[in-house]
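Let me begin by handing over the structure; questions about it come next.
Labels for the chains are A, B and C, by order of writing; each one numbers its residues from 1.
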Amino acid sequence: MEFQPILAAMSRNKIGAVLIGVQIAITLAILVNGLFIIQQRVALSHRATGLDEPNVFTIRNQWVGNPTNMEAKLRTDLSVLRSLPGVIDATASNSAPLSNGGSSEGVNLDPDQQQATALTAVYFMDDHALNALGVKLIAGRNFTPDEVTPKIGFDDRHPPSAIIMSKALADKVFPAGDALGKSVYLAFQKTRVPIVGIVDRLQVPWTGVDDWGSKFNDNATLEPFQFESPLVHYVVRTKPGQIVNVMKAAEKALLATDRLRILEQIQTQSESRLEAYRDDHGLVVILGIVCAALIAVTAFGIVGLTSYWVAQRRRQIGIRRALGATKNAIVRYFQTENLMIAVAGALAGVALALVVNVWMMNSFAAQRLNVAYVLVGAVLVLLLGQAAVLWPALKAASIPPALATRGSM
Amino acid sequence: MFNYYLGLAVRSLRRNVVLTVLMIAAVGVGIGASMTTLTVFRAMDADPIPQKSSQLYTVQLDNWGPKRRGLGTGDAENLQPQISYQDAMAFMHAHQGVRQSAMYLTGLALIPSNVDLKPEQVITRAAYTDFFGMFQTPFLFGGAWTGEDDENHASVVVLSRELNNKVFGGRNSVGKTLNLDGRDYRITGVLNDWNPLPKFYDLNNDKYEKSAQIYIPFTRAIDGQMASWGNYNCNGDTGPAGWEGHLRSECVWLQFWLELPTRADAERFRHYLDGYAAEQRQNGRFDWSARTRLRDVREWLVYQNAVSQEARILVLVSFSFLLVCLINAMGLMLAKIMGRSADIGVRRALGANRAAIFGQCLMEAGVIGVAGGILGLLLTALGLIGLRSLVSEGVARLTHFNLSDITIAVVLSIAATLLAGLYPTWRAAQVQPAWQLKTQ
Amino acid sequence: MLKMTHLSKAYRTEVVETYALRDFSIHVREAEFVAVTGPSGSGKTTFLTIAGLLEEFSGGEYMLDGANVRGLNDNQRSRLRNEKIGFIFQAFNLIGDLNVQDNIDVPLRYRGFNGAERKRRIQDALARVGLSARSRHYPAELSGGQQQRVAIARALAGSPRLLLADEPTGNLDTQMARGVMDLLEELHRDGATIVMVTHDPELAGRAQREVHIVDGQVVDLAAQPRLVTPQSAQAQN
């Protein structure tokens, strides 16, 4: 195709070409970054917690008044929950994955260490934890009942007798992969705590992309405590398919043992997940809509401006047709013209996309843009341009050669 | 001439309905998208207490020292967003501000007098009486408890309007009692609607959450050993176990606000803070010179990133989108105006000067801007409704359109469209007075 | 009324400078009907654009209605065009968006007349060209001859001192052309000053006087062989 005459024609219509080019550039920059963010947030909101998610639900239990003998209350509740038909196991905890509230501690190798080797979320649970969570133990063993000690609220700071940690944390603290059987110091205490087990995966309770816990999302530790606090989370795992019935039964049974309590957030892990990632999901949907609208607006813009050029060059096109240009040649002319503008716009757009990405990396610690996204985005806008120009180009091709012989329009 | 241009603009726009619809749609969609996100952004960035934001200060103190850098929620300077009980008490007793209050979030169980009803959880804020005066909370009935109540660790309570509606059917409940966790609290006042967003005085959990349902004296909450329901961060330097140990620890879990009416007052308090930190070093509590920070409401909101990352991304994206829409509208306007260059040439020949052509074309852009603005407003309303169903409860609370947002939308639409119309209009004014119709 | 002396107009490109008018002098008196003729490219259209203040000229003098127009800015020239000159174009140049009365209204608006004045003038002008019944029609609904009469009404409505016509019948068939010419003659009889550019000798013959342009200069007609038709001879009387 002859680029030279097209370029010459464009230079007479610079501003129009520039407008389309700029639109394509910005569209590409937004599209690439938008799709990248969408992909990241989708991945984020699908991160596995490590739990047997479809069969686990949680209950937030708040004792009313100033409860005495919390130990007995807790024991009763747990035995009630564990004896419900359909329940595999249940445990009490200070927190649970996806609950967006919990505790964290520093993990140290040296009691006098100033900076923590790693940060970890801590779950205070008894020896039923592994079974109730449905996490996969990949090395070592479960807690023994003897290892479980009462912990009277957060102010009780006695160290755990043993811990089970997630593989990610174990590998962080012991990069050689020999964490099992080793000891660590927790929360700057002076007592060595042995690692008795390692689970495949266990997530921190926090889910926000820029939350406190996002820096150590996969570092979690189970500490063998019977957590005796006015506010506890019960984690219950059911047999497949029975979760709905068990949830109802559990609420009823707990209230039957003691009415002076408030049961809240009785929800499956899937429900907790929806709630935890609601804003991420919202962002994905809105970005998706904006990207779609952007594509539409840019396409209509190209159709509009090209139609105008066609209208403006009707006579010229008629003359070309009279001089022997085929319909295909006319269509190709406009397609080539659009391709040239779109390529220039896409090049600028790639640069702009990278600039936006660097800015986002600086201001929100966003990740580096994947080159594949840039390339896919660039191809996408080129195709968009070609698709949008097709209709006006076909209209141009249908201009009769006879037009050349008439005076004006 | 305004009416004449207006008439011409409408006539011209009606002539090419497809192009006009495309232009208005481009502007409207762009305005709708950007106003939807801007509304939320503005709400996040809003000054929650404009009349006093420069007189209210919160305090930070480096009570963890350099050896605990990077732990907990500390910033680069190792300053925690909250303070410890002992520091809060010291500041309360120093009584340096016109008003001051330590405070924290907790929860109580409301036990209904009707034993058939289930107890209910109520979000509680423990604070001093100055909380109400300092933040100018509006009262529907009664008022704050007294300073004496604070000193006496009295069982008194201020209710939110919402809870008063629920428990007392909206009637004046002052003087009545409320059973909270088994203890009777006397009601001293009922607040009118009061929900500053962002919830500047405690941004630790949900920045946009509702204010508490009830308020009780801080001293009572401490007596009742009511645990914090907000953030609670410890540096591992453990004191004795139990509640007493908790109060004596370096754990940070309290917010502290004070009212300093003038710059000089703030300077004086900064001076006091530095002195306090030095004193703590002298008496051996710190072995470092502890930094202190005093920030007013606006500074605090910026420091705490009251505007979420999502909101920033969306504002950036939607304004880029608006830019694309405007470039688009500009291209279409250019096409439209240049398509009419013959008519413009005739008008010039008939005596229209450049200003007249300019005015006529700009009016056309203005009409598109107004129509786009109206469409944009409708889309913004729809967008906010859609947004509300998509985001968390806290953010949803920010999706309300107020008069200033409407004004911004219309002004933005007209201004942006006029700006986009400027180049096409300028081109139109450059059209030479025609003698003959020149085709191409 | 219109007096050009030693006027020149040059078009510059990067390479050459071509003179469309060179040492061009013409004098049209009040109430005269002058035809300007000449072959294609002779410069007659350039003459008309300059006479109509649509373009500036390079050298010489141009007095319009006793005032020197040299060096006037765009606004001043727009004002003069609006007040003193009425244009009649070959292609009518009616604005398609506007109906007949709104087309006539265009120069009156720029003149700044009030509503009542504009209405009166529009009605007068329409009555003059015999199209009062068509005031709400759009140009596309009219015949070529009617459109040109609307254009003439538009030119007349502002009571200009000078009417400039460019091949006013060029786009019309013979019968319609005759009607338009009759109208122009009638206007002339009523005292209008008309300068008409044409290459049609028959039309030129109906003017009072003919000025012939060749290569950008006025040529003495006496020195040129001329075909005089009985009609045009008659018209000159």
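We adopt the following convention: a contact is a pair of C-beta atoms (placed from the backbone, for glycine too) under 8 Å apart; a residue touches a chain by one contact, two chains touch by 3 or more.
Just so it is clear, the structure is predicted and the values come from calculations on it, not from any experiment.
Comparing the CA-atom centres of all chains against that of chain C, the greatest distance is found for A. Centrality by Cα centroid goes to chain B. Mean C-alpha positions place chain A and chain B at a centre distance of 25 Å. Separating the centre of chain A from that of chain C, both taken as means of CA atoms, is a distance of 74 Å. Between chain B and chain C the centroid-to-centroid distance comes to 68 Å (mean Cα coordinates, whole Å).
Touching two or more other chains at once are residues 437 of chain B. Those residues of chain A that touch chain B in the shared complex are 15-16, 19-20, 22-23, 26-27, 29-30, 33-34, 37, 62-66, 101, 105-106, 114-116, 119, 153-158, 187-189, 209-210, 212, 229-231, 255, 259-262, 264, 275, 278-283, 285-287, 290, 293-294, 297-298, 300-301, 304-305, 307-308, 311-313, 315-316, 356, 360, 363-364, 407-409.
Those residues of chain B lying in contact with chain A across their complex are 19, 22, 25-26, 29-30, 33, 37, 67-71, 73, 107, 109, 111, 118-121, 181-182, 205, 224, 227, 232, 234-238, 241-243, 245-246, 308-310, 312-314, 316-318, 320-321, 323-325, 327-328, 330-332, 334-336, 338-339, 387, 390-392, 395, 423, 427, 437, 439-440.
On the chain C side of its complex with chain B, the touching residues are 45, 48-49, 52, 54-55, 74-75, 78-79, 81-83, 87, 89-91, 93-98, 106-107, 109-111, 154, 158, 166.
Residues 1, 4, 8, 11-12, 15, 342-343, 346-356, 432-437 of chain B are the ones that touch chain C when the two sit in their complex.
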